[in-house]
Structure formats: C-alpha cells, structure tokens
Amino acid sequence: MITKQAERMEEARNSYTASELLAAVSCRLLQGKRRVFAGIGLPTLAVALAQKSSSPDIEQIYESGVCGAHPPRLPETIADASLATGAEAILTMPVLFGYVLQGGWIDVGFLGAAQIDRYGSLNTTVIGPWHAPKVRLPGSGGAVEVMANSHEVFVVLRRHNPESFVDKLDFCTSPSLAAARKAAPKVPTRGLGVTTVITDLGVLKADETGELCLASVHEGVTVEQVRAATGWPLRLMESITVTAAPTPEELRLLREEIDPSRVYLR
Amino acid sequence: MITKQAERMEEARNSYTASELLAAVSCRLLQGKRRVFAGIGLPTLAVALAQKSSSPDIEQIYESGVCGAHPPRLPETIADASLATGAEAILTMPVLFGYVLQGGWIDVGFLGAAQIDRYGSLNTTVIGPWHAPKVRLPGSGGAVEVMANSHEVFVVLRRHNPESFVDKLDFCTSPSLAAARKAAPKVPTRGLGVTTVITDLGVLKADETGELCLASVHEGVTVEQVRAATGWPLRLMESITVTAAPTPEELRLLREEIDPSRVYLR
Amino acid sequence: MTNKQFSLQDAVSELVSDGDVVALEGFTHLIPFAAGHEIIRQGIRDLTLVRMTPDIVADQLVGAGCVSKLIFAFTGNSSVGSLYAIRRAVENGSVSPIEIEEYSHYGLLARYQAGASGVPFMPIRSYAGSDLPGVNPNLKRVTSPFDSEVETYVVPALNPDVAIVHAQRADASGNVQSWGILGPQQEVAFASRKTIVLVEEIVDDGVIRSDPNRTIIPGFAVDAVVECGYGAHPSFAQGYYDRDNDFYRAWSDISKDPQKLEQWIQEWIHDVGNHAGYLNKLGNNYFERLTPVALLSTPVNYGSVL
Amino acid sequence: MTNKQFSLQDAVSELVSDGDVVALEGFTHLIPFAAGHEIIRQGIRDLTLVRMTPDIVADQLVGAGCVSKLIFAFTGNSSVGSLYAIRRAVENGSVSPIEIEEYSHYGLLARYQAGASGVPFMPIRSYAGSDLPGVNPNLKRVTSPFDSEVETYVVPALNPDVAIVHAQRADASGNVQSWGILGPQQEVAFASRKTIVLVEEIVDDGVIRSDPNRTIIPGFAVDAVVECGYGAHPSFAQGYYDRDNDFYRAWSDISKDPQKLEQWIQEWIHDVGNHAGYLNKLGNNYFERLTPVALLSTPVNYGSVL
C-alpha cells in the first residue's frame, strides 16, 4: 500500500499539464531577456517563473501602462486592480504606446492569434472576408504595435491545427517582418519579428529567412503529427529536439509559489 | 497745512505710474475673456485685477503647465515655486503645448517683443542679421506657438519708439496672421492674430485687414507723438479716444490687494 | 470657478444628441457604464460610438439600438466570452448591421492625440504589411520630408462631438483627478468638442489643489461633472471598488440570446429608472466583497517659502 | 531590480563623452546644475548641448568651453539680465563662436516626442510665415495625405546621446518621481540613448511603489541614478528648496566679464572639487531662507481586494 501511494505521488510529481509545460518552455526561452510585453495568462506564468528562477531581473510590461507590477495576489484578468497596487510605474497610454513600445524598449512581445502563417503573420480580426465575416474576432488591439516594435515576438497557440497554421490568412492583422518589408520597404522595421511559436505540440523557430520551422516536439508528439497539423509544408530545423519536461523545481514554483489557486494552471 | 496735506493725498490718489495704467488698460481689454496665456509681470497684474473686478472667472495659464494657480504670495518670477503650490492642475509640457495651446483653448495670448511691424509680426530673435547678429535676443520660446494658436493676441511694449515699431523686422520670429497666410496659405491658422497693442503711449487695435491702427492715447499724449514714435505711417481709427485713467478702485486693488510689496508696480 | 455639476440625466440630455460621434473611454479601468446606461435609458439613436476597446458597455449600447457605427481597435470580453450583440451586428447576414471602422490601439489613440493637438495627422510606426489599411482609408503612408527613403504611416485627427469618461474624483468646477490605469481619458477629453466626466466623488477643491499633478483634465476642458458613485460597475475604480468579474463572466450568456439581452436591458437599465435604482437593485451589501484594502500613497510636499 | 546608483563623478565620466549630443533638461524647475558643473569639472569638450531654455547652466557650460553647438528655443535669464557667455559666442565678431540651431518651445519638444516615439517626424501647427524655417532646414512643410488643401509643418526626431535631468526622488533601481512643474524630462529621457537622473533623495522602493502614477521615468529607461541633494541650486526643487533669486540676479554681472566668469568657474566649480564642496562653500545655513513650508498632498488609495 505504502509503495503504491509513493508511486502515485512520484507519478504526480513527474506528470504535468499542457499549461505547465508551455509555461516552463516559455520561461526557458525568456532567458537573458529583460522586458516582456504581454497580457495575462500563460505569459504571466512564464515571466513569474523566469523571475523566480533563471532571470530575476526580467520585467513584464502591460498594455495598460503598468510597469514593474508587484500584485499582492496573482491577477485574474488584465483588468485586475491588484496590478496597479504597488507597481513601480503606471505610465500614460501615449507614453506606453509611443515611447515604450514604439521607442523600442521591449525585448519580447507575446502574442496570440486565431491564424498564423509560415512567416509569422497573424490574424486576430476575422474568419471569412472582412466585409462579411463568418466569425468576427476582437481585432488588433495593440498586436499590430507589439509586432512592429518588439525586438522579437513569441507567439503562443494552445491548439496547433491546420485551421490555425494556415498557408494564407483570412486577414493579415499583424504582419510578419517579411510581409511588412515587402508591402512597404521604406517604412522602417525593428527587430527580428516572430522568432518563436510555442504550441501544444512543439516549438517552431524562425530560420534566417524568417520562415517558421519545427525546432522541437513535446514528449510523445511525432514530427509527422506536427506536419499534419500545419497548413503549409512545414520545414524542419537541422536537428529536432524533444522538449525537456518541466523540472520538479519548475513545477514546484508554478504550483506552490506562483499559482497555488490554479488561476491559469488549467 | 491740513488742506495742503489733503491736497497732496488727493493728488497721490489720482496719480498713477505707467505700470498701473498699463495694468488697468489691459484689465479692461480682458473683459469677457476666459483663458489667458501669459508670463509673469504686467499680464499677471492685469489678470489678477480682472479676477477681482470685472471677470471673476478669468484664468491665467502658464507655459510651464500650471493652470488655476492660487499662489500663496505674488510670484516673483515665472519660476516661482509658489505657482505650483495649490494650483488646480499642473499639466505636462506635451499636454500644455499640444492639447491646450495647439488645441485652441486659449482666448488671449500675451506677448512682448523687441520689434513689431504694422500687422503685428514680432521679432524676439536678433537685432541685425541672424547669421551675424548685432544683438542676440532670447528667441521664440513659446511665442511662435502662442501667436499661431491663441484666439487673439495682446502685445505689451513698454517703450513705444521707432526702433520697436518698425516698417520691417530684422527677423520675423512670430508671424502675424497676414504674414502666416501669405507665406503658407494651406497651413491652417486660428483666431484673429494680434488684435491689441498696449504701449506707454496708447493702444493700437487691428482694423478688419489686421493692420494696427491707433485707437487711443494715454492722458497727456498726442496723436502726433505716437505717429512720430512709430516706424510706419500709422493710420488712425475713426475716433481716437483718450485712455481713461485708472479708477480709484483699480488703483486700490492693485496697490493694496494684488501687489502691496510692489513687485511689478514699478 | 464655474460650477459644472450636473445630474447624470441632465448631462446626457443636454450634451448628447442623436447622430453624435460619442467617445466612451476607459481602458480596462473606470469604464463609464452608468453613462452608457443613461444613453440607453434616454433612447439616443444613430450614434457613432468611438471606443478603443468596445466591451460590455458597447455590447449593451449596440444591443439597445443606439449605435449605427463603431470606431474601435479591439472588441472583446477578455477571455470570458464574446460580445454577441456586436457580433450579430457585424457578422455576415446581420439583420441590423452597423458600420465599423477599425484600428489598432495606438492607431486610434494617435487619432485622439492628433485631434487634441489640432494637427491634421499623427505618424505611427506600424501598419506596413497589415490588411487594415486595405479596409480603412484613414491609414495612409507618407514620405518623410527629411529622408525620401523613409516612409511612415499616419492617422488623421479625430474630434468626437462628446467624450464621456469616469474618474475617481473632481471638484465642482470640473478639475478631474484619476490614478491607477489612466487609459486615453485625457486625450479624448481634449480632442472632443464637449466632455462629460462622471466621478466617484465630488471633493472640496482644497483636496484637488493639494496635488495638482494628479489632475488629468483641468476644469476648463470639462462641460459637465457628475457625481456618480459606483458608476463604473461592473468595471472598477482603483481604491474604491474592484472589478466585478462575476458579472463579466455572466455576460456572454445574456448577450448570446437577443431576448435575454432585451430583458436584461429592460430590467437593469429602464426599470431601475436611474443609477440609484441600479445600485438599489444590486442590493445593500453588494460591494462588500469588492471593497479594497486601503493602501495609501505617501504624500509629497508641494510647499514653497511664504 | 538592478541597482543603478552611481556617484555623480562616475555617472558623468562613464556616460558622457567628448563630442556627445547632451540634453540637459528642466523647465524653470529642477535644472540639473550640479550635473552641468561636473561636466565642466571633467573638462568634457565639443558637446552639442540641447536645452529648450539655455539659462545660467548653459552660460556656464559655454563659458567653460565645453560646447561647440547649441540646440535651443529660448536663451535668457528671465528678466534679470543677459547670458553674456552665450552672447559672446554667437554675436557678430565672436572670437570663439559656437554653432546654433534654433526652434520654438514646442518645436524642440516635438523633436523629443518624435525621438521618443521612434517616428521620423512630428507635426506642429506653427512656423508658417516665421523666418525660423529660413535659418533652420529642420522646419519643413508637408501636405496632409487626408486633404491636399491642408499643409502642416513637421520637425524631425531628435535622439540625444545622453539626457541629464534632476528630480525629487527615485529608488535605487532608477524609478524616478517628480512633481510640481514637470518640464520635458520624461520625453528627453525616452528619446535619449542614455539617461542620467540626479535626485534629491534615493528612497525606499516602497515609497515609490505607494504611488506608481507619480513615476515619470521607469527604472528601465534610466542608466544612472545619482543622489545629489540641492543639486538643482540655484534652481529649485518643489517641496525641497525654493529658487535662489539672488543668485539669478547676480549672474549678469559675473557673466558679462570673461575674467570674472573664468574666476567664478574656477572658484565655484573646480576649486570646490565636487558638489559636496560646492554646498560646503555656500555655507551651513544657506538654504534656511529657501526652505519651504510643508504643504502635503492628500493621499489617494491604490488598494485592491486581497
């Protein structure tokens, strides 16, 4: 009996949810970065984990102008009053968008999307034609600005499937660097564009041309599975790694210190 | 003896300095105005006098961003700490210059100058050529913006002489409405330009073409005197009035309530 | 100092008209719900609603039929569901469609900035390669006069007829103070022809004047100031009440069914009569669980030599 | 949080180099005199000095031979006299002339704004008909892409190598708070490649974090923060000390005579060795007459539900 219980406990310690994996993977990718522009959710966990492990100086900056947040409890939404409580700075919107974002102070912008193409252009606007949408999505918000102004962009898509990873977007809300340069070569661009896409199947990385290629698969996922889930002929990086599982310490931090009431750790 | 003393007192009450006259005249011209953009000095006295007499709602707005100042004592300079103490608002510079001034919220802008021409263009930059100045003056500061964005501009020049009232400016720092429209007809203008010039000799007012014409002379000043002191053939308004002397109440307010230590009332 | 205090009813009826371009602003914080409800109550129609982030209050205004056009950058209800009234009005086959004009956050904010600043346009670094310029002719590209090899996108000035915002406090002459997340309230107030500000409390002008840097909108730029406690509910007012997340989570379900939505509007907006009625219907102790622990700012010294 | 505390000497020697474009900002209030003196002390040369309102500190820097070019909007010493070192350097027949580049206040401020915002230029409503565009090719006119009948002037982005500003307080990681008249400090800090901030006091980060809206420059945009009490003298720091008007009145007389000026610089900048020496030379009770009566801001509540 005792042995069985110990085994189950051991198993529980070693198993992890998709959110925990994505948070741990994102955290590792953030190593060496300083200023992360992101909303609430997975990026919050990733930044919090980075702060408590590899990157104590990493800082999350919010679209609302909050910098150096020290919320007395884990914020439930981007509109959580606790984000303002005890923050180091709350900047005005013109300062946040004009000076901080456009001024080039962001190392990593985190974005999500309904659709992504092979160079990292994102659609958050519509499914179907803009003038007669099948599904109206929220729209850009600050995504166009985050894409154009961050030194690099991480995209997190929890569902890797051919409807999301498309050959051609229904609408290009936030263009990849390649798309921006092609459309308007005289408009200055900044940084590297989308360098990293983190999904439930693996991690895609941009090659030197900006094309997103498979760099690693999560444990138990095959390359063929990822290819089948991608709406363009997915190229592979020279060597595909298997994503390392979250370490016991990462899991402990996430579960016990960062999100003990499992607000985001679904 | 008693009679003589009473006479002297009566005389003192009725006599007034140039500053007191200019403050009283400026105050009357401010009737019905709400927001005055001005520095320290004569305009401060004029606005304070207006607040205490004809225009209790009039408000002075400072280039530094201070609105609704309630200084605990009369400020000595534009950089007086007391201007911030107890003010209703201190706006940032982008808000003051961008939103308040360019946004068109100023009824009357007060300006001074080294030279003025017949349409109210002002020189505060150089005497002599810009590239090899005889005298280098402070430059525009905010004057170009005050001129371009106030609904009307009052100019105060304490010394009315041909060196100041010139046919042609050495340098046009802040252009009259006429000069602005001629130089760049497609750049939108606002308001009336310079409507009023207050000097130690009298008051000039703009006619319908914007030309500054003599409207009134101070007590004891002749029209010929003003003409001789003006570097262009000065036209006269249809009827020239004699500036009314400061009333005893105006003098009492200036001397006893507004500037008892005679900071500005030289 | 002119007294600019209005009742909410008078402020809306005197300053908002059918056909106006009305900006309701507030970015996640201080969303002017009570003002939106009063617009619905007064049956104002044919509005062009400008809002960077149309959310539940926009869904309510669209659902109530007040809006004919929406100018926006992001329309959603965080991660807790959709805004179905807006989706019904803009998705294919809509029975009562509304026109939309779409930006990114900074695109619309820069329109307010240009409008407030009296300049014809404002440059912005993004939009190259986006499909947005293809559906919005207000996103244009110009060449820099300083370098013919450099182009930038620009957006035109926007000057709404009326701005409506909510803040923590003001004095009776309309000097408005706010803290926490500030949103585009200052920009839209200066950009608009008329401005209505709702506040949690009207305070003595001595309170305002003890901290003049906290004033985000000076009295002269305000046409009406309305005391309206809890007027941002279900949004929040930093230091007064937190966000009512339960309400946000419940909205999708109401908004999804047109009949349910109509019923909700009848019950919570029309039948309650006014904001006091709305609070009354929420119940006496409703805000207890949303009331913050006090964490006060350290005072600063504005003194000078006397 | 990275510790960014520097001594004044280290901040200037590590971050300011010969030939740099250095912006010293502060509008009537919080003028970084101590930093200017340290630049003179270190004999830094060939600077392009950017300052909206070159005043006594600029006159000192020019008089000490640190400046080869001045970018400005207004150069004067209020109504109490001239800045003769600057006048000697720019008036006809100057023996050691400096180059000047001249704007209006908003023209130069808008250059900072464009520089901070990463856009090539910023539109501005004025300059039509002024002679300034004739002597400054950076004032250009463009046609609005939204209406070919509308033109506007624009100014190009400015990105100084170093911004130097003074503020009331900061924490050790460089989150800077200021109140009273704010000047262009926020704009120039974001526009510049490096930023040095001098403050009256380094405070515990709990003080800063009790009032996050008061932070005008976040720590990440600051390279060095220097504790330097009375570092704005003879200018002022709201709530700390008022302006030393006697000094301003005395300056013309010093500045007018090149020998007197050289002597003053030797005595008050070089011989004192550092800012502590300067304060020491002013004397023990010097600031008594300039010390303000305390008038504290009413605290606001930043609390939230725990």
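Before moving on, here are some points about what is shown:
Should a chain be cited, it is by its letter among A, B, C and D, assigned in written order, with residues numbered from 1 in that chain.
One rule holds in what follows: a contact is a pair of C-beta atoms (placed from the backbone, for glycine too) under 8 Å apart; a residue touches a chain by one contact, two chains touch by 3 or more.
Model, not experiment: these values are computed from the prediction.
Common neighbours of chain A and chain B under the contact definition above: C, D.
Compared on C-beta pairs in contact, B-C and A-C come out with A-C as the pair having more. Using CA-based centroids throughout, the chain positioned farthest away from chain A is B.
For the pair chain A and chain D, the distance between C-alpha centroids works out to 40 Å. Distance from the chain C centre to the chain D centre is 36 Å, each centre being the mean of its Cα atoms. Inter-chain centre distance (chain A to chain C, centres taken as mean C-alpha positions): 29 Å.
The multi-chain contact residues of chain B, meaning those touching 2 or more other chains, are 66, 80-81, 84-86, 90, 94, 98, 102, 149, 188, 190.
Under the contact definition stated at the top, the residues of chain D that touch 2 or more other chains are 113, 117-120, 124-125, 141, 150, 152, 179-180, 182, 186-187, 210, 213, 238, 242, 292, 295, 302-306. Contact between chains, as defined at the top, is found for A-C, A-D, B-C, B-D, C-D.
By the touch criterion given at the top, residues 1-2, 113, 116-120, 171, 173, 175, 186-187, 190-191, 205, 208-210, 212-213, 215, 218-221, 302-306 of chain C touch chain B in their complex. Residues 114, 117-125, 138, 140-142, 144-147, 150, 152, 154, 156, 168, 177, 179-180, 182, 207, 210-211, 213-214, 238-240, 242, 289-306 of chain D touch chain C in their complex.
Residues of chain A touching chain C in their complex: 41, 63-66, 76-81, 83-86, 90, 92-94, 97-98, 101-102, 121, 125, 128, 130-136, 138-145, 147-149, 171-176, 179-184, 186-190.
Considering their complex, residues 27-29, 53, 72-76, 78-79, 86-87, 90-93, 102-107, 109, 113, 124-132, 135, 141, 143, 149-153, 179-184, 186-187, 235-236, 238, 242-243, 245, 248, 292, 295 of chain D touch chain B. The touching residues of chain A, counted against chain D in their complex, run 34-35, 57, 59, 66-68, 70-73, 80-82, 84-91, 95, 98-100, 102-105, 149, 188, 190.
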